[in-house]
Amino acid sequence: MKGQKVVVGVFTYLDDALKGIQVAKDNDKDYQVYAPTYVPALVHAVDSKRSKIAMISLTGGICGLIAGFALAILTGLDWPMRVSAKNIVSIPAYIVVGYEWTILWGALFTLNGMLLLCRIPNPFRKVGYDPRFSDDKYGVVIGCEPDQVDQIKEKLAHTGADEVMVKEGL
Amino acid sequence: MSTEVTKYSGDVTYHEVNETVLSMLEKPTFGWYVLLLTCICTWVMGFGCWISMMIYGLGMTGLSHPIMWGVYITNFVFWVGIAHSGTLISAVLYLFRAKFRQPIYRLAEAMTVFAVMTAGLFPIIHVGRPWYAYWLMPVPNERALWPNFKSPLLWDVFAVSTYFTVSTTFFIVGLIPDIASARDKATSKFRKLLYGITSLGWTGNAKQYKNYVAAYLIFAALATPLVVSVHSVVSWDFAMSIIPGWHATIFPPYFVAGAIFSGVAMVITLVIPLRKVFKLERIITDFHFDAMCKLILLTSGVVTYAYVTEFYVAWFSNNMFERYQFWFRPFGEFKLAFWGMAFCNCMAPLTLWYKPFRTNIAYLFVMSIIINIGMWLERFNIIFTSLARDFIPAAWGGYNFSWIDVGITIGAFGWFGMWMTLFIKFFPSIAIVEVKEVIEAPVRDPHSSVHHH
Amino acid sequence: MLGLISLKFLRNNRYYPFAMLLVLFCGALVGNLSAEDAAGYQSVGKRAGVWNDGQAALWDLNIIDHFHYFGPVARARGHKPEQPIKFSHVTHVQKNKMECQFCHWTSAKSPYAAIPEVQTCMGCHSLIGGTTPEQQGEIAKIKDYYAKGEPIPWAKVHVMPDYVKFNHKRHVKAGVGCQECHGQIQEMEQVERVSSMKMGWCIDCHRERGANIDCAVCHH
Amino acid sequence: MQKKSLTILGQNENIESEGLSRRSFLKVLGAATATTAVACADKADQIIYPNVKGDATQIPGVPSWYSSTCTQCDAGCGVNYKTYEGRVTIVEGNKSHPINKGGLCAIGHSALQDHYDPDRVRQPLEKDSNGVFQPITWKAAYTKIKQAMVDNSKRAFLTKPLNGSLEKLVAEWSKDVGVEHYTYEPLDYSQLAKATAAVYGANYNGVPHYDFSKAEVVVNFGADFLETWISPCEFSRDWAKSRKSKKPVRVFQVEPRLSLTGANADHHLKCKPGTELLIAKAILKELLSRGKNNLPASLLGELEVSLAGISIDVVAKLSNLKIEKIVSAAQRLAEAKTSLVIAGGASAKTNNEYDLQVVCALINRVLGNVGQTINLDRLRAVKSDFQKVKSLIAEINDNKYSVLFVDGSNPLFTIPSDYKFGLAIKKLDLVVSFASHLDETTKEANLVLPASSSIESWGDHQPYVGVNSLVQPAMTPVFDTVSLGDMLLKLTTNEALKKFPEFQDYLKAQWQQVHASAGVAENFETFWKKSLERGGYFAEQKSVAQLGALGAVIVTAKLDMASFDSTKIQQKSDLVLLPYASVKTFDGRAANRPWMQELPDPITKIAWDTWAEINTKTAEAKKIKTGDLVKISNYYGELNVPAYVTDHVDENVIAVPLGNGHSDFGRYASSVGGGNVYNLIPSDKADHLQLFTAHVELKRALGKRKVANTQDVKDSDKQGDRGIARTTYIETKVPGEHKENHEEHGAHHEPEQMYIQREHPLYQWGMVVDLAACTGCSACVTACYAENNIPTVGRKIMTEGREMSWLRLERYDDGTSEDLQISFIPAMCQHCQNAPCEPVCPVYATYHNEDGLNVMVYNRCVGTRYCANNCVYKQRRFNWYEYELPEPLDMQLNPEVMKRVAGVMEKCSFCVHRIKDAKDHAKDEGRLVADGEVQPACVKSCPTEALVFGDLNDPNSRVSKLAKHERAYKILDHHLNTQPSVSYLDNLKYKA
């Protein structure tokens, strides 16, 4: 987040928080929004683009499918042993492994993609975070230079924030 | 607040949810310690049974020729079955946007993970040389030997391990935002550290939510076919064989339905005492029980249908081995298991058609245990009877009762119970964030259109 | 300084993916072994009596596999037990140019390449008494055993588990030289196990030569 | 993890030794003596003991074979001992021996466990004043005996029937030292011999040779000729030769219970006990009336008079048989070109056995069977004399004797207590036992001089003229024992005998005569060596003997109604105890061998127990169910045994197998209680032991006993429509042509294959089992135990269904008591081409190899047990425990086969090590394995050659020809398409 200082607005009501976001957008500032739960309206207001995670999962799934079949086929060919009258490479039997690994790799890629995109694990608290945001308050954090703090602060207060705080930025 | 929303989650606010759920994590009571200790003692006893079995050999069990699979595989299938409803409630119902899932899914998922952890023990306990059980994994080794991917057992290894990995991931991912809530409310040093680490620095900012929810949807989408596949694969352990009574195409759907059936019953068994002890009546309401009972009615119907179909197929196929097998089940050596199963799974749940029973908590608790017993008997019935009477009459045999089997079976409940007990005291057993999701967000201006974006 | 940079690096959201990649890379570096490391790794294995020879060790991640064998050191490469009589292959094979099968006469006739009878030793040593006092002392021991009619309790160098049925005769008849398995035995003053004689080692050679790798050939 | 092992049962826990660790025995190469190997258990893994002195003929690791003769019974079968580094690992039949021609019965195979018995006496013992046996030296033992021999008191030597040079030596020695020699055998053939002499001529006082292969019809009054009677291996072979042919022998079995022989007969006539004589007479009368009257006119007249009272109606009523059945037997006899009528076995051992044998001999004579199916040249002498033994007992009781020598035949166990031998033996000053076990008799001895087993001794055997069979030692004695011959030579004072330092020299001296009479060109040493290699000297058969004139002797046979009043036992309440010899324990001698105890009785499938076969109706009346303990008692004693309720015994009969109920003998024998059946037999004036005991009481005792029965699950003896063991009933005149529902049999059924069938480039091993030749004798089962180191598990574990046998002899009983349909089928791993067990193994521990074998790799097995579930034939055995053998039983273990640890699956491998061995030899000689070169233990053991093994790839091999036989089928293959490598040929039986 650009800016040495951040202004943190704590909101009880969703519509107020949305107004707070509008403040940041209007002033062309970097901002961050915290919410106690997933609120589609809020997330949409911040970022309306679709998440890239699906592509990561798809990649994982395809890799898993290939890896699963490859594992079964290659290990089978490494020391070919006949069981019953079945072929050494018995594709119908290997579908299960391919299928399971599609899901496994898809899930693992999704997990890693999600961690990556959510920027976790991250041992550092994000600037302007307040424990109330995980309870029942919405938070709008706007980054700004020290000289703009008062201006932003005042604008946020007007949106109906319960409290407006100023904190150190990065 | 609209009445519809109230129906799903009770008449609660964000803060109340937070308070109610996090209050479950407060200092453990004496009762909790007693429960934990009981569970630990139980599984240590079971573990002792296993050790003695390893020392003296598998002759300590009741298994014999030709009943080579017995109580352990019954337990394995039973626990895998239990595990299923967790993922079903969390993933499948998520995809279907069934809103009664929110308050119960976390517990169901925890149950899934711990049930798979329990189920996963049984194949290892079951094998003759457990110290070589890792040969079933495709581990590179100096002997240049690999496992046989044509074996249904290897499919099982892959299916169950994948299931365990994915359901654990799903479970942990779901926990992250709630742990963050717990972290922000934590007072003790230990808990602060524990939640600080396990919440992975979650803040709940909008971008995180965006990706998180998208990822969650994908997890749900991946877990759904997995639920179906895992129990299908478990059923193939039997269906892929040649034994009369096992060799049936009906097995996968039959097993999946049975798994959901037993899993939902197990959720009810666990939720009822939890709700009582932690006073969660406002979050977990009659509506949720009613919905779960309907799921039980549905799956009970499917399972009953499958039982009838098995008999029909045996008769229709005109195969003497199948016919003998399905004569043997209700009238043979293990007839008690069969009739017990029929009573518990087919007849007793019929009472749930009567609405007052569906919301009578005491009745439901008893019913859920009956169903669990019934489902254990179902697996017993499938495994034992088919093995006891197959093609060659001269090789027919019975099962020897063994206390080791009983000990290990009970020990598994202790093992499962220990993890559940620890979990409810250390992590939020109700999904805070997701329950909040179904509560309409507080707005200053009721006419604002924020909810219709 | 580096720590500070990485801290800054980690704190910035934009570089997070790169930071994670860095961690993965470092992990991979730690996880992989250089050639020298691998050599050391092998010698460690040899010392502990658990590892295989050759290439197999590099990709043998299967540590658990070897737990079973931690016990009997006798099944390890480098096993070099003290013998009741200081028999020297150098003296017999190199100096006196004796054929292997002169003493080990069953090696091409039996599944077992047995140790020669005491009588076989006496065949020569009833006449040859040795040149150095040390030799004379050792030869006297043989005579003593023979006189008492006791077998010499030779320490076993190549111990095989009983689930392997190794047919010595077939290998000799197929033209496998003694040294291929037993090492440069003619240069050994005291016999040492130079091959792991583990299954992978057998299979490598069987595959190389196109010999049978049917399990029932050795396990029944 | 190290497994704790269970020692196979044993009441004398203290005798159990630490045991040889399972590896140690395997790799001890060239051990100087067998005992060296036993010495150190743990270190043996690390130390090699080379031979001190070499022998170029003995290559460590390469087995040596020795020919010898089986001494388990008097049949005199030739055997081969396979030895590894000086220890015998298996006994097999000698292919070139004229008696058994390669097969060997179960008891013959189990001789090894007698030899390696952990309960054998390990050194000479003397009873001290407290009645406890203390070890002494051989020298001291000899001295003590010599001291006892100097006075003038009477001395006796009681033995089992001896044969050959040993018999001669005993005779000479007895005469020399002043000892009277008595011979006793409980199941003797004295009445048969007497009758033979009476009817065929006084010269022929012995047991004639019967040829079942030449007979068209056999009417058999209870003789168990496929089990224990006279020479079972030989008879089974001849019987099977005929059964396999285009015109199989038709067997009528008349007996009050169902013996194994009866189960194999075409017509089982379940008569009332003791009515055999009446039936025989009825048949004789019927034959005479049909014009079969090839007898002197005077005798015919006499017969007419004495048979006047016999009418088929009355006989049928008394014997509870249908008239048609008796008439049919007579008719078949009359119509047949060659036939045979025999009597024997337990049910004939009544006080009218002699009469029965006479009538049978007469029937044979009128039918002209002598010279056809009865060979009087090959007469077996009957040596036991019960009359003399009885007088001996009486004299001992009158204190006329002071010293008694006994051999290992354990007379105290087999002479019923009412004969008071138990009292007598206590009255003697000195009892010297040459037994190898501390059995009931030896326990009463003052001195025990343990005799070596026949595997450690020299000897010879002459079952009948022309067969001179040699017994040679195959290994050094396991314990500090000396052979009986050597002991006698040590104890002699005769200078003529003293010149033989060892019994071997005496034997050779005797064989000089054989050499002389053989009239061969080679000198004695060559002849001797060749004889040793062959197993003896077998001469060509001499000319046919002449039938003696029927003289006055015949008149002494009472030809009026039987002296045994069978009307007495018609009352329901009167029960007859019928003790019979089983293939498991015979007369009791095989009781301390775990293989024999573990072997399920072919008829009842019971192991490790004595049981009482009771008729269903009798049992119902007394409210007895199978498994209930019953008390069978009379004035003389009582038995407490579990009941086996069956339709196949007569209502008035309780059949109990002989041989168990030992109080001493060894840990295995004494673990099977129930009581000694012999002791219920009352004393009698007859000159043979009558097993048949009337008037016993049957009561249900308290409690139940979980009997180790391998087929005790309800309905498990009914195969129904499953078509597992199949029978073709011969209905037409030309057997073999007509096939009943041939299509349904699915003989050459080749279903469409979903998978590409595997090519077998070199060999495809397969087996064919001819059910028409399989008697169910279970020799194959025991041979398999011996060859493949299969542990015996003991009674308790067996009741849990965990027996380890790789070869199961299945018995199906689909008929009724009237219409008997018993089928036996030896079932081993079928080595299916489409094996259901293989694909389910997650670690390839079982797979299909190039030779078409279904290979099981024990050390790869994790123990998921899926293969066993999926095995259609249920042929896989799981090691529920690890079983340890008490020393020195472990010396029998085959080094070619690994011993399996607990937690792994095992099964029949078609003796893959033998295949490997044959390939090894073939490779040395640069050729392929020849047909018949590989014979798994079961195939080798089969006395009837019902099992054939070979290469299915070779179109000319015996097995591939038989696999295409019109009777061939594969079990369940047409249901499941498993494509087994084992084919079965339908059993053949006559319907009417």
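Letters A, B, C and D mark the chains as written, and numbering starts fresh at 1 in each.
To be clear about the criterion, contacts are C-beta pairs under 8 Å (C-beta built on N, C-alpha and C of every residue); 3 or more make two chains touch, one makes a residue touch a chain.
Keep in mind it's a predicted model, so treat the numbers as computed, not measured.
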- Message: Let me spell it out: compute each chain's centre from its C-alpha atoms, then which one is farthest from chain D's centre?
- Response: A
- Task: Could you let me know which interface, A-B or C-D, is made of more C-beta pairs in contact?
- Result: A-B
- Note on the structure: Rounded to the nearest Å, the gap separating the Cα centres of chain C and chain D is 50
- What whole-number Å value describes the gap between the mean CA coordinates of chain A and chain B? 29
- Query: With chain centres defined as C-alpha means, what is the inter-centre distance between chain B and chain D in Å?
  - Reply: 58
- So, what's the distance in Å between the C-alpha centres of chain D and chain A? 82
- Query: Tell me, which residues of chain A touch at least two other chains?
  - Reply: 79, 81, 83, 86, 93, 119, 122-124
- Message: Going by the contact rule already set, what residues in chain D reach two or more other chains?
- Response: 836, 839, 841, 844, 847, 849, 860
- Indicate the residues of chain C shared as contacts by at least two other chains. none
- Task: Can you check the complex and tell me which residues of chain B touch chain D?
- Result: 54-59, 63-66, 68-69, 123, 126-129, 131-133, 135-136, 145-148, 150-154, 157, 237, 240-243, 319-321, 333, 387, 390-398, 400
- Item | Residue ranges of chain B touching chain A (in the complex, touch as defined) | 13-15, 18, 138, 144-150, 154-155, 158-159, 162, 165-166, 169-170, 173, 176-177, 180-181, 183-185, 200-215, 218-219, 222-223, 225-226, 229, 233, 236, 432-434, 436-437, 441-445, 448, 450-451, 453
- Query: Which residues of chain C touch chain B in the complex?
  - Reply: 52, 56-57, 59-62, 64-65, 68, 198-201, 203
- Complex contacts: residues of chain D adjacent to chain A: 753, 755-758, 832-836, 838-839, 841, 844, 846-849, 979
- Query: Any idea which chain B residues touch chain C in the complex?
  - Reply: 131, 134, 139-144
